[in-house]
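Take a look at the structures below.
Two complexes come next, and they have one chain in common, chain A, joined by chain B in the first and chain C in the second.
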Partner chain A sequence: MSEKNEIAVEVKGLSKSYGPVQAVKSIDLQIGMGEYFALLGPSGGGKTTLLRLIGGFIRPTEGQVFLHNQEVSHLPPNARPTSMVFQSFALFPHMTVEQNVGYGLRLKKVASDEIKDKVANMLKTVGLDGYGERMPHELSGGQQQRVQLARSFVLETDILLLDEPLAALDANLRRDMCIELKRLQEKIGMTFIHVTHNQEEAMTVADNMAIIADGSLVEMGKSSDLYENPIRRFTADFIGENNIFDGQVSKIEDDVIHVDLGSSSIAVLSRGQKTSVGDKVSISVRSELARAIDTSTSSTEPLETLSGIHRESVYLGLTTSELITLDNGQEVLARQISDRYGGHTIANGTSINVGWRQQDGRLHIS
Partner chain B sequence: MNDDYSSKWGYRLKWLYTLLVVTTLMLPVFFVMYISFNENGFGARDYDFTFEWYGLIFSDLLMMEAITSTLNLSAITVIFVVPMGLITAKLYKITQYPLAVISLMLSPLFVPSDILGAALLVFFKNLNGAFTLFGEWVGVSWFDTWFDLGYFSAIVGLIIYTLPYVFVVILITMGRYRKEQTEAARSCGATAWQAFWHVEFPQIKTGVFSSCAFTLILCFNEYTRTSLLKGGFDTFTTVLVSQMLNEGMSEQSYAMSSLVSYIAIAIIGSVIIFTLVRSERLERIARAKAEPLMAS
Partner chain C sequence: MNKHTYTLGTRRGGSNSTSPFFVAYPRLGSFISKWVFAFPVIFMGLFFALPLALTFVWSVFERTMFWMKPAFTLFAYENFFTSARVDNFLASMGHSSISVLIAFIIGFPIAVFVRRRVPQVAQHRVILLFILPFAVSEIIRIFALRPFLQRNGLVNDVLLKIGVINEPITAILFTPTGVIIGEVMSFLPFIVFSGFLAMEAVPKYVFEICEDLGAGPIHVFIDVIMPLAAPGIFAGSLFIFVNGLGVALLPNILGGPGAVNAGLIATQAISALDFPLAMAVSAIMMATLLGLLYIGHRLFNLTRILTPLS
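Here is the complex of A and B:
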């Protein structure tokens, strides 16, 4: 069995309540060994609580946590094979970088020469060679975060928990650190569980991810699958830039589901999802797959189309977003590479169609 | 910070005001020091410099006993009250009901000292009476002196008096401490105690040591509760007050008061100078380390 197929973390029916408030609602989850796993979701959705339950910083109200198939629900954080990286860096301000990184080894009573060697190697790994004598306040945000990583890596625990580790960094540094984190994870081979509310960050680093919202696990899978083929309406709404149409199933022809939107009807592939006529469903279309089509031109391929009025073009550099208001008042975005129209812009207020290929629409029954 | 458009005279006046306030507050202390070196004592027309009264301090047995008792009371109070304040400050940081904790802890401050002293006196008298009766009932004399007025009752009074101050002083330094650091230490393998001792305590120790110093000073100053609860022994303050009321302070008392002030000023002054020098040194080191980076 390959390392990635072995289970590093498993939670079963995990719940956490604070009085009447249920922060985590009966979550079941498995994370493979050596995997980079992201917990993605809106703020206040329960992802940090789930991470802290795995780390042993809070006790579950119900359910169990297994690390390498051992139940650890009753164990405090220092007795679990995990280490944690915090959003606020959480370096010990009265210790030098070297002392911070070597702290866990000193607790393990490792010989001081060995500590020195390991700390020096680890500082080299995270690109902080020569910074050992500095105090945390003498480092930039990115450097402090690297010290935190070194402090966790040096312990050689199997599982690293990262709680919004890049949230305190500016956008450019965050991008660089994402790539750096992924590189380090592949080099060290630890299991990373990374909490973030930033989908771009999650997509950059994660092999697999889980969407957590309102204390529940919404959907889990490969990052690319969740982006391209979300099952749940919430996932489509949260990941990427999707146009979502709510309606009722009006007709079913083999694998094609016809959905009545009120003023018009569109068809979508069922992709194996079972539904019946009259069911309330949603269809999502990624904005980069939707096209703004001049009503005077005819398309060369069959498209699902809806008519509306062009409201605005928003130039974003690489892409331009066309904002279209449909006849029923719903706003739709069609995003194209900026030079698609060869300098020709669509005038605001023009009647226009928005269309997409049938296979680009995704059906959501929940 | 003074901005470029503010009046320079306003700035100077603020300094003058501060110096005036401090001088006014400290002037009586300096006057006592001045008298303590006068061979002719307080109120004499002539001033002849001498160290004689300082030499006689140790021969004043009443004063020496009172000082010893005061030091004992202060030390024992510090030993009990500082951990109590620390534990409660930690509770305040984690509880869902911080208002309840702070209200309970500060409540002794809202009771006038003489009323609290009298209440404690009545409480200990009754408690003593109850235990004595209980002893008589079971036929032993063992319980008779448990709650007699003395060191124990005086220390209880001092703890009640000083605990709110200790709590507040420690809480102020704890305010800057982030609990993620404790969690980070736990995540590195530290037990709860190790996380406290290695990570939290070094960052709040200024508050802990300040509260020790503050408690010592409060215990030294305390008169009302201690005089009601002390029973048969004297403290430095009760002797001073008694002398003032009955026969006026002796020359040794002026010398002793001055000596206590010297020690207090020396300790507090050293702490301030040490802190300033250390902070300057750390800043110099940080600047030296940062310079190569700034240049590159």
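Here is the complex of A and C:
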């Protein structure tokens, strides 16, 4: 929410190895000041390791970490302008909420009156006014995470690292806390780096995000870009519900690439990517942009289509998914808003086409 | 409840492929499953709690030539509190306290180290190493200290040879110091065990919070480890303290005139056929233990020892 041109966090060629295992492989990353940044990726992909490298809990094998343009690779966590919110309800179980929040200030030898004021203010900010005397075990999971937030905020560091902060909460609470986190971040103006394996959570909170998998940075960008225009095949596979077709480039006409999928050919826009005939590429189509089309009806607009057999309709409330098996055996999902009034149902086992507009297909060369 | 035990019994009896015994006696199976947990309670009640309670009763009996007869007299207590025995008792409490302190200073960091730095899979094996000394008889273990600590023993020899001292140190055997050395050596494993268990109550993440907030090792120890591990530490310390008071073997082998503990006083009273006095000493020791347990429980809620943090 502040000027985006200043860089809060920069990592250069950062690697971390545990014996022969490379947990983080030469990652380069920049995060702007006041940004809400998410590190999204499958479990065990190295995103937590990356966060801990930034926080100073582990030392890099190679590469550097810069916070506010200062190299901090050699500094311990408390000497960095970062503070951490941990995964499980990490509070001192023997201290009250007030003591938990104020402990960091106590270590900094802040006067006790001042601590009391600051803690009270911070508890108000995170919505725990009047909870100061409670013990952690008397709080709900969401409240405990708020205490962790207050503990970090009160130190007035300006980069907050959140390591799967909502993983232990149930789905409803997680959704509420996401919005709450976003609101707090905007209010306080800190840089947030939020690690999660839950794409919905990442989408809700983050301005920008990076996909981390297998120790490497796969793709980075605005949350909406990663959803709508993923460059890498992995991103399309990981974010949203995408149908992915693998094939070979058969023909190139300006920025329209024809891809041979074996039994049929599909045209897709290159989006500026350079390919040549014979390259192995992939095409992804979001399930909500793919449509199941009756073979008897003729389409009003030109669509890229593949033929298959309708397997079943899965009613999901807001949306209904049609599961279609293509002639080559691949399964495809087409999803649309459920239509209570006059929605026609397709009988299982009927021949059907699945189609999408050419511009809704996305080419991936890696 | 009844139905449950019944099905348990018949299920055992019914599994005819495995236990033909219970097929022949299905009601026996039911009986065993019902009472199997009661046996230890009955056993402990009969052979532990009851004799201990009787100690208090016997301590007020009247001494006879070779045994004692029912009566109510506080003569044994008077005998204890008006003689040098009470001084010895109090002195041995002091020595025990010192042993507890030394054992804690040496042993607890070992427990913390094992919990924090040894890989999870190896932790129990490392702790197991501390059980090894118990494979040797306690008498041998303690007696082995004598040639080590005595006037011309190994310690003195080495110190003389390297010129640290000019004449042998005699203060380390047949003195309270000798007893304290023996107590620390004998009971150190217990503080390691209890410390190891106590550290279970200290979740791993608290160390990360401390690291994040910049708490140094002393702060971590005083502000976090101590309060969380207190019940376990107290239990281990109490165990050492009580054994320091009660185990007669240590002052018997390593002690001298000024190093007599409650256990040795009682043993000597038994040798002198003064059974009420021996009972009185035991009763006083037990009262001390119960008092300390009560204080500890009020302070730390000792039931927390066995409940890992949820």
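Throughout what follows, the second predicted complex is superposed on the first by the 361 of 366 C-alpha atoms of A that agree within 3 Å, B and C clash if a C-alpha of one lies under 4 Å from a C-alpha of the other, contacts with A are read in each partner's own complex, and residues count from 1 in each chain.
One rule holds for everything that comes next: contacts are C-beta pairs under 8 Å (C-beta built on N, C-alpha and C of every residue); 3 or more make two chains touch, one makes a residue touch a chain.
No experiment lies behind these values; they were computed from the predicted model shown.
Asks: With chain A superposed, do chain B and chain C clash or fit?
Replies: clash
Asks: Quick check for you: in the superposed arrangement, does A:Arg134 touch first (chain B), second (chain C), both or neither?
Replies: First partner only.
Asks: Looking at chain A, does chain C or chain B touch more of its residues?
Replies: B
Asks: Once chain A of both complexes is superposed, is A:Arg286 in touch with chain B (first), chain C (second), both, or neither?
Replies: Touch status of A:Arg286: no partner.
Asks: Pick one for A:Tyr103: touches chain B only (first), chain C only (second), both, or neither.
Replies: both
Asks: Based on the A-chain superposition described above, do chain B and chain C contact any of the same residues on chain A, and if so which?
Replies: 55, 57, 76-78, 83-84, 86, 88, 90-94, 103-104, 107-108, 151, 155
Asks: So in the complex, the part of chain B that touches chain A is made up of which residues?
Replies: 178, 180-181, 183-192, 194, 198-199, 202-203, 282, 286, 289-290
Asks: Which residues, counting only chain A, touch chain C once they are in their complex?
Replies: Listed in rising order, the residues are 55, 57, 76-79, 83-84, 86, 88, 90-94, 103-104, 107-108, 151, 155.
Asks: Show me the residue ranges of chain C that touch chain A in the complex, using the header's touch definition.
Replies: 203, 205-206, 208-209, 211-215, 219, 223-224, 227-228, 309
Asks: Going by the contact rule at the top, pick out the chain A residues touching chain B in the complex.
Replies: That would be residues 55, 57, 76-78, 82-84, 86, 88, 90-94, 103-104, 107-108, 133-135, 137-138, 148, 151-152, 155, 161 of chain A.
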